[in-house]
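What follows is a set of structures for review.
Each of the next two complexes has chain A plus one other chain: chain B in the first, chain C in the second.
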Partner chain A sequence: MNNIICACGHENPEGTVLCGNCGRPLTKEAKDLKLADMRYEGSARRSQTYNKSIIDKIWNFFSSVKIGVTIIIMILVAAAIGTILPQVLYVPASTEADIAAYYERVYGTFGKIYYELGLSDLYGSWWFQTLIGMLGISLIVASLDRFIPLYNSLKKQRTRRHESFMKRQRLFALGESVGQETLTKSEAKLKELRYDVKREDGALLAEKGRFSRWGPYVNHVGLIIFLFGVMLRALPGFYVDETMWIREGETRAIPEAPGYYLESKDFILETYDKEQADEVFGDAIERVGTIASNYQTDVVLYKKPESALPGQTENLEEVKKESIQVNKPLKFDGFAVYQMDFRLDELKTMHFVLSNKATGESLGDLAIDLVNPETTYDLGNGSSVKLLGYYPDFSGFENGEPQTKSPVPNNPAFLVRMTTPETPKGETSFVAIKQTVEPLGENAYKLEFQNVDTRDVSGLTIRKDKTLWILALGGLIFMIGVAQGSYFNHRRIWIHETKDGQFAVAAHTNKNWFAIKKELDQVTEAAQLPLYKDQQDSESQELKKDGEKSS
Partner chain B sequence: MAQTKQKRFLIRTLILTVLAVAIIYTIYNNATKDKFEVLGVGDEAPDFTLVDLNGEEHRLSDYKGQGVFLNFWGTWCKPCAKEMPAMDRQYEVFKDQGVQILAVNIAQSNFEVERFADQYGLDFPIVIDKTKSVMEAYNIDPLPTTLLINPDGEIEKIVRGEMTEQDIALFMEQIRPE
Partner chain C sequence: MTLVSISGNLLFVAFICYLIATLFFGGAVKGSKPETSDSEKRWGRIGIIVTIVGFIANLAYFITRWIAAGHAPVSNLFEFTTAFGMMVVGAFILIYFIYRTPSLGLFALPIAIIIIGFASMFPRDINPLIPALKSYWLTVHVITAALGEAILAISAVAGLIYLLKNVDVTKRSKQSFWLEAVMFTLVLTLGFVASTTTFSVMDYEAKFSYVDKEQKDQEITYNTPPIFGMNEYKALTPGTMTPLAEMPPLVNAKKLTTVTWSLLFGVVLYGLIRLIIRKPIAAVLKPFAQKANSQLMDEIGYRAVSIGFPVFTLGALIFAMIWAQEAWSRFWGWDPKEVWALITWLFYAAFLHLRLSRGWHGEKSAWLAVIGFIIIMFNLIAVNLIIAGLHSYA
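Let's turn to the complex of A and B:
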């Protein structure tokens, strides 16, 4: 490691551009520049200092802004590609194999590659998460590497700077002062302009708004907190986003909320009434038909007693009754249950009449509860119907055996034996909607379908998010950093008396040169300082002239 | 100078390690999420009680000291129906050697479950999870899913999907008490 020793005797780490003590340019490039590059005060980026071990190499990799920007661009490109095909969440398939097949079937080879690369579940893919993680490392490492040297060099800065530093500042003056007590008058004026003023024999440094230099780093801290919050969502207990379907009358365990049960009492769908609605809405209702005004599930929330185990549901304790409406969730213990979806009129009970096919004479009626069917239905007067089989979602016969494709009564079918005084041995019949099969020969009696009772199903979403305040905090700190860096400027003015009794004046700001010029104008006038020149202005004017000539 | 160099090396190593561990942990967690969020092999099987078709209560922890073959199923699920007769045959072999089967039906009616048990002549206890609370506690998806619980009450293996009779015999052997 080679330290650079400045002419003033100060030892600077390798990579330093401007001496940390007096401000002299140290590199050949810096000496050739007419204006000093004031980024990071000309201090060495820490990563440039050591580059020996593998750890230093990794560190330097992440410290590079080029790498940081490259990572951001890669994330943006990946996210953009992720919008080309629908994400898995919106694909009508649930198992991995189905999803893979769906992408290939619908989108061909492109879909297959898309799925294989994990683009179909972008945020869940390991490489996307790795990129985000690398962005996090880059933010931390690059910030540390720049913030610490900048902080140190601003903290240690000297009041008197070398002339070579002064004359490389954009605003610079050198000349006689006409008045008396130049530095004292300058100090008074600068203090009036709310500068912090430091004086050291024959030299003055006025500074304000240094904290605006920390803006970008505060901003990065906010981003890192935000990423940390997102990371926490992957841990159990921090984030829940589940759905549950619950039918009227059912009591169900709430997914991911151990010990809590929900009973649905009623699902309510209300629509706007044309008569009662305001005239303005009358037209709309006429145009589109019905418009829903309310989706609501009336529920009872239960909690199991401390000692009870899953499966033990006899003595659940009622916590509260509530009506869940859109945007009015049921809240408990950090969870919120939202009204999200519904299905109307699922079959609940079917009513039949046992009747004589020839005469049409009825032997009584029966109601089969599709959720909890009974084995035998006694109709009195010696007639009964015995249930031999129940197929809630009948999907056809397989080897003569009726099949059901789900436990939901979408298409209920029954195998029954009907016994009447006239047919004491019983007759077997297979009864489905719009279909009756008499497998053991012609029957004298039949189950005649009368009507159905239905019930509604509510689709609820269960949410818990313990990371929200972390995300909000991260966002707040991010915004503070943005404001700090954007709306405040770090301004410095150096004045000193040279050996031959002249005055050197230099000023620097990280932005808003117009404002610092106005302030320097005031100081110049008050203390009768030599008139400063904007060296960049003159430079660009020269360039402009050159440009005009050549055009 | 050498000291600061060493200090810097340590700090950099520490920061990079912490960050790398955090990222790997996050990715790992995301990758295994949705499959079995809470339970894994080696965890203690959550206790529960459910009532069987004869009205008898079965509490998992009562079977400590025995291996428990915990099967989640439904009558509409074809692979479940396929593996059940094989389970029943192996149950006859292993029940006297301290391996118990508990077949947990997911919230169907007594009628359907009874009919199914009669049809296949199943002898092992079948319980019905009416509120799906045991299904939630075990985070079951898809059906059938079978958990092998050893005599110490720990999860030995989680099997998602259909098993052959050979598998079943092998699994029961695994959880047989010594």
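Let's turn to the complex of A and C:
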């Protein structure tokens, strides 16, 4: 490696733009610039020093901000495309075929193409995830590539800089100082302005807010931690995402939460009442119609005692009673249970009367529990009803066999054998809501439908997420870094006496030039320094000249 | 007078104050004297005082509505957009006291006026909160996000001033074309306000029945003459205009009609303006930007992004994720509004990297700031009205 030896004698690694010691421009380009490029203090970055091995090439690729920004823009555009049509997650279809059909039916040819290109599951696609991964690598490499040399050169910086460095700063002055003890007065004023001041024979360096330069690297660390947390979620066991439907009065094991049971006491749906709503909400309710105010499931959480055998659900210990509402999940042992959905008035029990068709005489009534029906109902007086078949969600006959669509009691139907003292052999009947079929000929008795009991069902989501604290930590570090970098500025002011007794003043800040100018104004006045010029702002120079002419 | 009507009147007072303040800021930057001369300073001072009076009235609107509703008034499109407009003014006042530049007020206030005017085209009733919104995170998340967006909007205002000053609008170029396109877009917003107001003054109403994309029968009420009809529509109000074309079930023809009317009004309005002034709008506005210092506008643009970006991140992403975890059981679900918040964030991240590492200052930076504002407005308007998702509360 060829070191560059500066005129001041300092050895700089290859790729250095401004000498680490005196600040002289070292490259031809840097010498041609009117204003020095102060990014990363003109220090040599690894990406500019090595370009031989494959690792160097990969490193150089990912260290480029141009590449980083390109990746950001690609993610941005892809993310936008993903919002044109709803993603699969939000589509009311579950099987691949249904989903494909849904996109074509609802969104036409465009929907079909969108689905077939895989844009309907864009955020889960391998190429989108690859882009996120590349962004992560770029964050790490670009940060290291810049942070280390920047840190070193700020740590080692000299008080006296070469004239060629000074005159290439945006704020620069060279001239006589009319006052006495210029440097001492400057130092006092700068200290008053909370600068750290270093002095070396005839030269002064005032600096403040250097830590704001670390802001970008701190926030990148936060982002990397966040992305790491997101990546962990791809591994099994880091989070639980289950749903459960629970009926009022039921006690069920909580999926993926061993030993925990939940009992639903009540599901409550409340709406804003137009009569009771004051004049404030009246108009809105009139315009929109019914507005829900609360979805709530009152639950009791139980834990199985340590000593209990597997499968044994007696003697559950009550942990707590709580009302789960939207925005108020039930939390226990790292789990959270959310109120997500509901079904009102699911059929619970059906009441029938066994009666004589001719006389209408009743032989007693029975109530069938639609979740756990019994096989035989003894009516006491020598009559009984036996359930031969139960079809909770009856959908019609196929080859003479009754069918059920689902195990949910939406439309219950029964195949029963009715036995009475009069008909000891029994009569077979098929009973559904508003429908009776007598498959084996005319019966003397019938099972007459009386009424139903209903209950509500709550749809709950169970979550446990072991990565949350990593994500929260990443977010926190990001916010600290971004505040550090955004709300503080790194300001430096150099003053030195030249050989011919003049004073050179230069100032640099990473941002907010407006504020450093104000401070430099104060120092200039206090120490009677030569008036500085903003070498980048041609407009106010012209304005000043105009002002001078007219006055 | 009820609290609700007091609140409405306060908003109107704020609106009028902003209009008057704009005129004073106009006075401060016209004429040949530099912005810093005494007479110009006086105009600027009156301008900022009237702005502050308006802002106090605006805050009073916000607080009285909050008290009346019992929740932060940021729960529907009218409330959110109005709050956003108010915060743009707040952010302007903050930046004004750092940089003391009236030019910024001359452009920031009209933008806020358009935003508030646009907001008042949506139903202004106070909604009771649906269960999903019943959380203190509504207050925290929405207000922080709106504040971040408002500060970012100031960078677009500074960018616009920079461009008006530095783009040569007398020559045909890409820059002058796109600058005029931005002006045209602002006029289109006025077109929306004009068309909605016209038809609401006329009390226009036309009811239709139609079949939606799930093959269900629905009813819909148009408040503008129906140019487009819904799928298999049948008119229920006699004597109204017959739609010119029927739309497939996927397209919400009512919204399409509203957009078309806004475009028609906007184009006619723009045409009239051009007929009267006989040159591009940008050319007329250019002299008003002439006093601004380009270097200062560039710095304000960057400063606004560097102040607004962390606030936006906190409000629109971090608080949003915490609330989403609490309400929807997951911190991130690729809902369109979430995605567009991420897009906005990525865009400003790219902006900062291009500026800091690739030296995109001046004109490039100004264009980026304007594009950023367009993305914010897209997220506010299009994502709520066109792309349906979990956030479509309005």
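One rule holds in what follows: the second predicted complex is superposed on the first by the 452 of 551 C-alpha atoms of A that agree within 3 Å, B and C clash if a C-alpha of one lies under 4 Å from a C-alpha of the other, contacts with A are read in each partner's own complex, and residues count from 1 in each chain.
By definition in this document, contacts are C-beta pairs under 8 Å (C-beta built on N, C-alpha and C of every residue); 3 or more make two chains touch, one makes a residue touch a chain.
Given the structure is predicted, the values throughout are model-derived calculations rather than measurements.
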Chain B versus chain C as contact partner of A:G133, first or second or both or neither: first
Which of chain B and chain C A:D393 touches, first, second, both or neither: first
First (chain B), second (chain C), both or neither touched by A:I285: second
Touching partner for A:P407 - first (chain B), second (chain C), both, neither: first
Chain B versus chain C as contact partner of A:P255, first or second or both or neither: first
Touching partner for A:V371 - first (chain B), second (chain C), both, neither: first
Residue contacts with chain A in the superposition, chain B compared against chain C: C
Residues of chain A at both interfaces, chain B in one complex, chain C in the other: none
Chain A - residues contacting chain C, complex: 37, 39, 65-66, 68-69, 72-73, 75-76, 79-80, 82-84, 86-87, 89-90, 106-108, 123, 216, 241, 272, 277, 279-281, 283-285, 287-288, 291-295, 325-327, 329, 336, 338, 340, 461, 463, 468, 471, 475, 478-479, 482-483, 486-487, 511-514, 534, 536-537, 539-540, 543, 547
Residue ranges of chain A in contact with chain B within the complex: 1, 50, 53, 55-56, 58-59, 95, 124, 126, 129-130, 133-134, 136-137, 140-141, 144, 231, 234-236, 251-256, 258, 261, 309-313, 371-375, 387-390, 392-393, 404-407
Chain A contact footprint on chain C (complex, rising order): 2, 4, 34, 68-69, 98-99, 123, 125-132, 134-135, 137, 213, 248-250, 293-296, 299, 302-303, 306-307, 309-310, 313-314, 318, 321, 325-331, 333-336, 339-340, 342-343, 346-347, 349-350, 353-354, 356-359, 383, 387-389
In the complex, chain B residues that touch chain A: 1, 5, 8-9, 12-13, 15-16, 19-20, 22-23, 26-27, 29-31, 33, 37-38, 46-50, 59, 74-76, 106-112, 115, 127, 129-137, 142
